[in-house]
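Below are two complexes that have chain A in common, paired first with chain B and then with chain C.
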Partner chain A sequence: MSPQHTIYPILFSKPHHIPPLGTTTAMTSPQSAFRAPAFIRRLFSHFPLIIHPVDPPPMTTDEFQPTTSRDSQGSINTLYSFTDSTDGSIASFNPACLKWQTYLKIRNIPIKTQPSNNHASPSGSLPFLVISSRSDRICQTIPSTKMARWIEDHATEGSVNTVDTDAGDYRAFLSLVEGAVRDAWLYALYIDPSNLSSLTVPKYTSPIPLWPIPTILGSQMRQAAIDAIRKSSSSPSLPSGTEIYTKALEAFKALSTLLGHDTWFFGASEAGIFDAEVFAYTHLLLNLEIEGSGGVVVEGLREFDNLAGHEERITRRWFKSPLATFH
Partner chain B sequence: MSPIELHVWNRAFGLPSLDPECLAAIAFLSSAIPQDLWVLVESNNVTISPNGSLPALKDGSEWIGGFDAIVSYIYSKSSGGSDIDRNLSDLQKAQALAYRSFIRKTCLPIVSLSLYVTSKNWVNVTRPLYSTFLQFPIQYEIPHTHHAQAVTLTAHLTSLIRDIAAEESRPLQPVSTAFSGITTSADTSKPQEKKEKITTRVRLRNLLADFLDPIQERLGNNDYFFGGTSPTTIDCLLVGYISLLLYPELPSAWAKEILQQEFPGIVAYINRLKPTCLPPGIAYGLPDESDKLTLLNWTKRSFENSPQTWGFLSDSIPLNREGYETRSTAFWVAVQGVVGLAAAIGSVLAFKALTTEGKVDVELKREVAGEGVYSTVVRGDVGDVAETSGAASEGSEGGRLPIFRAEDMLGL
Partner chain C sequence: MAAGGSGDVFDILKDASSPDTIAAQRAAQKARDDEISRKAQRRAAETIQGHSSQPVYFDSITILGAPRTRRSFLERLVKPALDRSDQGDFTLKDALRELSKAIGGLHHFEIFKPDIPFYIDTPSDYTYDPKNPNNPIPLSAIINVKEKSRFFLKSGTDLGNTEGSAYLQGSLRNVFGGAEFLHVSASKGTRTRSAYDATFTTPINSSPLASIELKGLSTARDNSHSSHTELSRGFIGTARWATPAYNLKQSISYEGLWRTLTELHDDASPSVRRDAGESLKSAITHLLTRDTRDNPILPSSGTLLRLRNSIAGLGPLKGTVAHWKSEAETALAYPLFKGITVNSSFRGGVLYPLTLSGDSAPKPSTIADRFHIGGANDVRGFQTGGLGPHSGKDSLGGDAYVAGSLGVLFPFPRVGTDSGLRFQAFINGGRLLALERPPGVQDMNIAQGMKYTVSRLLTEAPSLAAGVGIVYGHPVARFELNFCLPIGVRGTYGEEGAERARKGIQFGVGVEFA
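On to the complex of A and B.
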């Protein structure tokens, strides 16, 4: 097997079978009884078009290091997410991506972001993290479902997990954020037609702004949002928009009570995963220019001073000015 | 003053309702207001509820739909007097809200899995149950809808459902004695089967623990969820949901077994709450004529929903409740418009056809009438017919054209 990857025409399986142009003496072999016309020979004389570099030999066991012992300092972590920028300190416009981006920042893991879309993800959903280090050639891919675990293993000294993710209160309030708050987010951004056309569709379809595609993707996203709301409501019938907003404001009230006068949720000394979770929604609701019916929930959220203060604390410490993100 | 009516799904499994939210509402009213102020009505009719699902509360002419709305309505009606959460601190109230959403999110799939998706239970118990209280055509639609909803709720548990189904179907596999010498697989597969059964059981246990561990942790040795001496709304919700796992007698009783073996604290807690929250002596009322689930209003609802179910209207969530009705009305107005237009065009065409072909028609009729085979009605003026019978197609009126007879086709 040749170490070189070359592109040969189908007619000739090996390069030495190509007769040099202009030579007519190779009549002895039975193959040359047939001579291709001159223009075909001229065409094929251009091949191979590209000669790829030589493949490296397979990795040896000396080079192989188990993932846990790998030096994470020299590696580059890239978070593939819905974002406009490769700068890790500019917030993503998708709550799920922003949550992990924030949590990685909280845990002091340096990242850069990469604008991407669902088709790039091995699991079909963003965000996912790709770790590539100079010392070894294998890129590691971590989907969002395994990210919490990976962060636990790779977080630098001095950063600790401040939230017990098995605790009942954490899980209860998490279900509140993932239920009522998420529904309101989906309704305001995907179902309300004014925000869908002015904000959501341009943001998510910016890589492919060709005419029918944003419209089609927009209606698909809208349908997906409706299905998500249907799934999260406990009754078989769909709620109305006003009911969704009322529930979200009740949820923000509960979150505001939970935070109280503390700096971080659950009275922790340092920010944790739940802070990232809440921040992902509050930051986007407060900083995206949400129009239409969504204004109700934004105005309502602004009235909870401690939640707004919590959002500002995280923004100032880990992110660049919010204005830079959305203009 | 007539008592408040609480409209719920039918009683089942020795419990006052088959739906967890309805049970929670019953538990709430039992603990919040005196027994003689309300009656339970098994109307099984979702059309009466403003949010399209039961439980629904009827107070005079006012309707309130859904557990959360009922709770806040009773608070405001009694101006806080029957607020069973009044002793809670602000933080506890916030926690109560969070746990409400937690219970619904984690426990509803488990209840659906146990009662609807575990096929042995669905086929032998839950499905036949619906036939006992629903009349003929409706008993095929409602359980189907509930089952479909349960399937979507448990969509993330597909592999677990498959395992349960595989386990159930095993005893039914025909093991013919004639081949017992040839197929020795029966013996070799036994340890593996046993192992599979254990892993399925462990996974089901983990599913339940996912929901019950936080509850158990919070409950500790308290009598009630937030301590204290009386139940709160969270206790009501928990009774509603867990009693549907604990009390039904099912052929595949994994939920009950796991609860009894692994969560004795929860079982004791529910057993303790049941006499107060779901008391045996609830007063039952009969639904008003207009609130009953009749064939008529069931058909009306199916008809009104048909644009959505048939995909004529794209899914949408309007801002207000009224939006759903206006959307549906707009559709039917459009349908009427289209039908009206078609009728108008049809009648114009019919009129033209009849006035021009009138002569031929009359001749034809005279000819056939002589033989006395066709045409019993003799109409002279064809123009009359077209004018009076608007959209009717030209040929059908009064059998002026040869009537098709099946006998003619037999060749006799």
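On to the complex of A and C.
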């Protein structure tokens, strides 16, 4: 879905199962292909002789801290994302996470957020959603690739936003956001050394801020960003920052024209996934204190009043604003 | 070919060079040589015996054949012998004892080839004064060593606890001439998927009883029982020392490990997902071991006591996890009769969360730090990490545990006790709990919670399994093939949070069995 997902901190292959080893687990178990003789099965059916009640699982950070109020029963949707907070109305600092966080909010699905990292994700990248129900302790994990489907099935009311996401012009505008805008974001935050060291690395390595780990992860993130830009520009050499920023500003111009005087994109009566997609970048670009070369894009974006207004509308309605997380 | 009568000569010639004949001749020659050397030894021994109370002193001790070993290192090894001789009241018997101690020390460091010969003579300018037979006689001792080769490569397979691995190791012996070793090794295994490490060890003050070890490592470990792979890289520095009089061995180590829990299985539980990612453990560990067992792989008598205490993340240690982890282990082997032995063990541990420097309150433990018990050479009759809190198929681990076992080992009929083969019957069990808030208490007070958890641990029935099987104690590892049946288990099969027992055959290989 989002090409953003190849960033931070390490690109790794999809989790693969290690087949159980003969020495420990390949022996007779009741459900294996090998069926034990009847007398063995009869014997096994008597054991264990005593069944005790199960023990509670280890406490989570929330349960551990006396100050936080504990959630009531019922199902809890937790969006595992790059964030500093478990409060679902505090914006994530990662565009891919913020996009889904915003869309879940738009669709009125209550969520908590959980600070996490790509290692935790079933797809290898954040965000993903865990649906848990306190009553039966059963959990379901939804990777970002299946989130749109899940939201459609679980949102309390149907979407008012009826933009055809398969239409040609929709796809063209989407590729502007996921191409030009994303590349500028990557260049400004990961490749420009001033933001990498003052903003990106501290933010993404805040759980483990001790030398030399942030430095190592930082260089891995930077390399991943370079690879992602190369891949999308399909040229063997990395385009220059000016080139990337110019393309991004052209994209914003096109988006500004598309929005016009409407409240939401494509003239919809309610915000939709595309609004979340654009907001994820405009919100972060306008609210993070981006220094260095990326300032060009931020300044350029501010010029488009309707895009800034769109960003403000979403922030006011669904988030605790303004995002003041970078101090 | 020559035919007829000349055959005899050829036969004799042929016979003379046949391997059998040569071997027989050599054996006869060797027997004669041995006999001569035995007689010479006996004569020497008698001579020494006869003069064992003769006062002597060391005029010199010379170590030959150690060009790459530092003089100061060797001096410290022979110094006790010279000091003892200088004190006076020193007899030939004392001299021999001190010399053999020094040679024992030389052996210990594994930098010289075994079987170190030594010679004793009087200095060439010494003349015996028959009028004063009680004047101490000066001795010149010569110890003739051969240094082992400096570099060696080794490859092979290893059997660790429930895992097999193949390794390649390159070593540099006697790096700075003071019995320092540098080992660099790479291994691929079944559970430890890959491990690379470089270890430097050096004796402290030429002592065979104290050493320092510095190690850098990078490992990837498959923790399938908790649906993830754990990568660790970092540094461990260890100081070890032994107190032979009390059979005590101790060590203090510092470890700084960067750990990454990654490659989660698709069905990994949320608890595992919450703990996935990076952490840094910076910890100091003290380990004390007192082992009087006759054979750690298949003991028939003796006891083991092991205490391990580790502090992580407190104050200047930093890191991202903070806890005090304390474990105690005891084992007893007792011979009954006719080679039948009773083996028992008992162990327990707690993980006490501490406040990380800079934080306001302690954080809960993570899956990488918690205890996981159960398995073919742990609590048998359970899967690896099969006891304690679970979610889905994942072992979540616990913050406090007790485990114990009682077994009887019988020698195989007709094979006897020397073979290492035994029948065994055992019952073992354990209890593993996560830190819990006492019922009715709202605030999470760690001390209160730990007290409550430990009291539950000690008062409630443990999960139990029993079984019979065959044990083979090989010098490098112990093999067990058991038929196990669970007796008491928490939760039924398939229930959320249930422990994972194993019914039927279980095979275990390992160096350490609980």
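We adopt the following convention: the second predicted complex is superposed on the first by the 240 of 327 C-alpha atoms of A that agree within 3 Å, B and C clash if a C-alpha of one lies under 4 Å from a C-alpha of the other, contacts with A are read in each partner's own complex, and residues count from 1 in each chain.
Note that in this section a contact is a pair of C-beta atoms (placed from the backbone, for glycine too) under 8 Å apart; a residue touches a chain by one contact, two chains touch by 3 or more.
Quantities reported herein were computed from a predicted structural model and do not represent experimental measurements.
First (chain B), second (chain C), both or neither: which does A:Pro48 touch?
A:Pro48 sits against chain C, while chain B stays out of touch.
On chain A, which partner's contacts cover more residues, chain B's or chain C's?
Here the partner covering more residues of chain A is C.
Quick one: classify A:Ser175 as touching chain B (first), chain C (second), both or neither.
first
Just to be sure I read the superposition right, which of the two partners does A:Ile229 touch: chain B = first, chain C = second, or both, or neither?
first
I'd like to know which partner A:Tyr187 touches here: chain B for first, chain C for second, both or neither.
first
Should A:Ile208 be classified as contacting the first partner (chain B), the second (chain C), both, or neither?
second
Check whether A:His119 is in contact with chain B, with chain C, with both or with neither, and answer first, second, both or neither.
second
For the complex, give me every residue of chain A touching chain B.
The contact residues of chain A facing chain B are 166-169, 171-173, 175-176, 178-180, 187, 191, 223, 226-227, 229, 231-232, 234-244, 250-251, 253-255, 257-258, 260, 293.
Which part of chain A faces chain C closely enough to touch in the complex?
9, 12, 15-18, 20-25, 27-30, 36, 40, 43-44, 47-61, 63-66, 78, 80, 114, 116-122, 130, 132, 136-139, 141, 205, 207-208, 210, 213, 217
Using the touch rule from the top, collect the residues of chain C that touch chain A in their complex.
Those in contact with chain A are residues 162-164, 190-191, 193, 222, 224, 258, 260-266, 268-271, 273-274, 276-280, 318-320, 361-365, 367, 370, 375-376, 383-384, 388-392, 396-399, 432-437, 442-444, 460-461, 463, 485-493, 495-499, 501-509.
Using the touch rule from the top, collect the residues of chain B that touch chain A in their complex.
21, 46, 51-53, 66, 90-91, 93-95, 97-99, 101-102, 104-106, 108, 145-146, 149, 152-153, 213-215, 217-218, 314-321, 323-324
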